[in-house]
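Okay, so chain A shows up in both of these, paired with chain B first and chain C after.
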Partner chain A sequence: MKVHWDLHALAPLVAVTVTIVVVLIADFFFEYRERFKTYQLAAFGTLAALIPIITLARDGGTRSLFGGAFVVDTYTLAFQGFFLIVAYVTLLISVDHIGEGDYYQGEFYVLVLTSTLGMMIMAGARDLITIFVALEMISIPTFVLAGWRKHDTRSNEAAVKYFIIGVLSSAVMLYGISMVYGLSGSTSLSGIAEYAGSAGTPALLSIAIFLTIVGFAFKISAVPFHFWAPDTYDGAPIPVTAFLSVASKAGGFVALLNVIFFGFYASHTSWQPIIWVLAALSMTVGNLVAIRQTSIVRMLAYSSIAQGGFMLVPFAVAGVGSSKHASFEAVIVYILIYGAMNLGMFACVIAAMRRTQSDEISSFGGMSKYSPILAVMTSAFLFSLAGIPPLAGWFAKFVMFRSVLDAGTTPAVILGVIAALNSVIAFFYYAGVARAIWFRETPEGIDLRPLKTPFALNAAIAITGSFVLIVGIYPQVIARLGELAGAAL
Partner chain B sequence: MTQFYRNYLAVAVFAVAALGMVGAMLGVGRLVRPNRPQPEKYIAYEAGSDPIRGFGQSNVRYYVYALLFVMFDVEAVFIFPWAINLEALGVSALISMIVFILVLTLGLVYAWRKGVLRWA
Partner chain C sequence: MILNQFLILAAVLFCIGIYGVLVRRNGVLVLMSIELMLNAVNLNLIAFSAYLKDTSGQIFVLFVITIAAAEVGVGLAIILLLFRNFRSPDLDQAQQLKG
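Then we have the complex of A and B:
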């Protein structure tokens, strides 16, 4: 048996792996003051890994590797590109935070890139074992990142909570996966799809699917498996929180997309109701609790739970044959847009906190006086998250509602109404922050001289901001990307 | 819809059985075992020696050595099946194994450079 290597298909993964190794070795040789160079190496490697993704996309076609366990197609490439750009923006928003905080720099970038590598593997994984390994590869570096501030007890608490929940969810998921394997005799998603199509839905398969999805629900912090998220997001350094709430969450969603659409699809009577409940609860609980938050980071934590609920909506209606493709595309488009606007929001929070030194929403009062541009950008991201046109968020909500209407069944319509109500609730707390920025008085003791933000942070806000604006005005761009990626189904 | 209820009936039965199992085991234990509380029984068991309060009993440095040991222990799990099939797998498998071992060694080099291996 010869092992066949399609090196072109693996090139993005190889590029990131080489970057990780180079950054780790380079970190040994730099003097303390030169440590920021590890950031330059990491950023360069991340961007270089985008080149093979472009050449692969030009080549087109589907490349199947390792006996079908890893597949490179348009869907895989779209998400690999997305994860690389998210990693690059994460590096941009963390470089000054980590550098000034006197934290270990080289290791930080190595861990961010390792987690990104896991996500890129996840995008192509079409086998339960590959999916599990990729998921662990995403999670384990983030456990360490969450506890990055070693001497801060809140950071330690964040890491411990995240670690214990992460291990518990892996155990539950593995239990489910083992049953799936026991029933279908295959770990490959195509083999499972074949089994699910022919066997109907035996009771044990329902239990197996239930446990597997509960495992994923922990990872994507869907209510009622969300309780770790606010504490972890709050305690971790803010760039890490941004990475967790965007990249790590998107990784979980990609895993769920793979498992549901490529594997379990035929057993939709089993998975559809669970996801329906998760979606309805996540949206409602996430939004209602977010209203009461006074800290912007905790508010964004609950808002990301609620946004996760919106992303689950298309899953919950995907079982109706006619809406299969529309739902698949809707989730892809929603993840891409959510990633840009949430990262941008966190970049703005990090920039503003350089002045306020506090994450209380009240301390953001009067931001427009010392940094009008930052105030405009923060409001733009807030309204995009709320789904107001002409900012990208509206298109994400639009495709989500379209998939619901495509399905048109009674449960789908009820879920659509819940989602619509929640969009209105969400507007309140997003607009509340915007109101503080523009109309509230600046709190005592805040310097009113113009705020200078570092170049990297400005670049991150510019990248995400222009994406949010361009997609909001010309949603065809992202719709076309979603269509191309959806063609892989 | 009946199909739907039948699917979830199985999940419910499964959950009840899981809870019942734990309850039964703990419950039977409670009924059967004698109950003679003595203060010594509530002390943490530490291989016969009296525990000194709090943490700090074992040196945290052992942890690093255990971790490094596990790293190379797991490596062996991958090397044995590879070594047995080496001839059939060919050169590409040899290259991948070399890359694998080099990446693992990097972990050891990292620990060494960061002074973790110094017992001071």
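Then we have the complex of A and C:
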């Protein structure tokens, strides 16, 4: 086999790798006061890595590398671009928080970028070995990030819980993968797809698929494997929470997309029921528990579990042949929109907490008095998460329901009804926060002078906010992107 | 070529590992239990690889070993952090956040 090095296809990964190394080394040479320069380098590298993605997208076509273990096509490029933009916005929302909090800066950006590199590899991974390595590359830096506040015992606890669950889930997933390998005799997803297509569904394959999906369910914090998520989100520094709930979760979903649509698809009788249960439980439990939360971070943690449930719905109906493409596209579109609105929401929370110094929802009362613009943006993201037009969230829900109707089977319709009920429940707690912001009294001791937020944070809110508004009004943009990415299937 | 014996051994090791993770409260022992689970996976992969006469399973094992080392490195650092703040490696102390 001739090894063919397609450097153009690898250029986005190379750009991020170079940035990581440069930031790591540059950090040694900067004076303590100049440490913010590491942020500038990291942000520059992240944006520079978008250039080869654009040139690759213009070239079109499918590039298969390393014997098919890594494939660059429209689907890969769409997600690589998404992860880079998410990383950039994460850098924007963390720079002031990390800089002012006396944390280690250079290492923080290095770890965020390393995790992003793992996600970009995951987008192109079509081999179980690549998927495993990419998944660990996503997770291991985030274990460290969760415990970034070394002297805060809450941050320690977040890291410990996240670490133990993270490695445990990898081990369970690997055990499933080892059995898949033993049965199919191949680690490549195309080889596994061939085996799943010809062998029907032997009992052992069902067990192997079950274990693999359970491993992924931990990563995407689907109920009943979600218990680590609220504690980790609560204890970790908030920019890290934003990164975990968007990027890390999307990375897990991309892994699930790869494994299910490129690998296990033919044995849908074994994976479809598992995902159906995960989706129904995640939506219901996530939403019902979110209602009772008094802390906004914990509420968003449960809300992200529920949103994960909505993202699982198209998977659960994908087994019907005619809805395969629609489901694939629906998951892609949902992930892209969810990423923008959830990051924006966290950016607003970070901005508001500069004034309130507390994450209690009650402390957000009367935000409209000292920062009307922030109040408008926060409400916009809340209503987008609830799925109200004309904000992007409605289109995500729309494609999700469309995939359910495309399938049209009884289990699919039941799941659709559960999803519809949950959309209504979700509206209550999102609207509750909006009500506090606009109509509640400002709590004692909160300064009523206009709130000044740093430039980087404003930029993050502006980027995500304009995406949410534009996609909400012209959903064709994201629908076209979803179609292009879905064509890779 | 015998295969079953290896698979049964791996399954037993894996179960011991899960038991250790769930029952042990000492952070270092939890890490060791996780290592046990990963080694069960390695045994599985090598047995299948030899049985199928296909090398990709053995290559997979090399990756698993490397990444397990990285995981333990980070895990020990996190447990050390816990030890510095609580003066004991007992994981039950970290219980301020309520799921």
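By our rule, the second predicted complex is superposed on the first by the 487 of 489 C-alpha atoms of A that agree within 3 Å, B and C clash if a C-alpha of one lies under 4 Å from a C-alpha of the other, contacts with A are read in each partner's own complex, and residues count from 1 in each chain.
In the analysis below, a contact is a pair of C-beta atoms (placed from the backbone, for glycine too) under 8 Å apart; a residue touches a chain by one contact, two chains touch by 3 or more.
Keep in mind that what you see is a predicted model, and the values were worked out from it rather than measured.
Q: Quick one: on chain A, after the overlay, do chain B and chain C clash, or do they fit? Just give me the call.
A: Overlaying the two complexes on chain A (C-alpha atoms) leaves chain C and chain B fitting together cleanly.
Q: Thinking of the overlay built on chain A, is A:G235 touched by chain B (first), by chain C (second), by both, or by neither?
A: In the superposition, A:G235 contacts chain C only.
Q: Taking the C-alpha centre of chain A as the vertex, compute the angle to the C-alpha centres of chain B and chain C, in steps of 10 degrees.
A: Here the answer is 10 degrees.
Q: Of chain B and chain C, which one touches more residues of chain A?
A: If we count touched residues of chain A for both partners, the winner is C.
Q: So in the superposed three-chain picture, is A:P273 touching just chain B, just chain C, both, or none of them (first/second/both/neither)?
A: In the superposition, A:P273 contacts chain B only.
Q: Now for A:S466: first (chain B), second (chain C), both, or neither, which partner does it touch?
A: In the superposition, A:S466 contacts neither chain B nor chain C.
Q: Once the shared chain is lined up, is A:W5 touching chain B (first), chain C (second), both, or neither of them?
A: first
Q: When the two structures are overlaid on chain A, which partner does A:V133 contact: first (chain B), second (chain C), both, or neither?
A: The answer is second: A:V133 touches chain C but not chain B.
Q: In the overlaid three-chain picture, which partner chain does A:V160 touch, first (chain B) or second (chain C), both, or neither?
A: second
Q: Mind working out whether A:G147 is in touch with chain B, chain C, both or neither, as first, second, both or neither?
A: Once the two structures are laid over each other on A, A:G147 reaches chain C alone.
Q: Between chain B and chain C, whom does A:T62 touch in the aligned arrangement: first, second, both, or neither?
A: So A:T62 meets neither chain B nor chain C here.
Q: Which value in Å is the smallest Cα separation between chain B and chain C when the structures are fitted on chain A?
A: Least C-alpha distance after superposition: 5 Å.
Q: Would you tell me the residues on chain A in contact with chain B in one complex that are also in contact with chain C in the other?
A: After superposing on chain A, no chain A residue contacts both chain B and chain C.
Q: For chain C, which residues are in contact with chain A within the complex?
A: For this pair, the touching residues of chain C are 14, 17-18, 21, 27, 30, 34, 37-38, 40-41, 44-45, 47-48, 51-52, 54, 56-57, 59-60, 63-64, 67, 70-71, 74-75, 77-79, 81-82, 85-86, 91, 94-99.
Q: Flag every residue of chain B that touches chain A in the complex, lowest number first.
A: 3-4, 6-11, 14, 88-90, 92-93, 96, 103, 106, 109-110, 113
Q: Okay, in this complex, where on chain A does chain B touch?
A: Listed in rising order, the residues of chain A that touch chain B are 1-3, 5, 17, 21, 24-25, 28, 201, 203-204, 206-207, 210, 269-270, 273.
Q: Quick one: in the complex, what on chain A touches chain C?
A: Residues 128-129, 132-133, 136, 140, 143-144, 147, 150-151, 153-154, 156-161, 163-164, 167-168, 170-172, 174-175, 177-179, 181-182, 185-187, 227, 230-231, 234-235.
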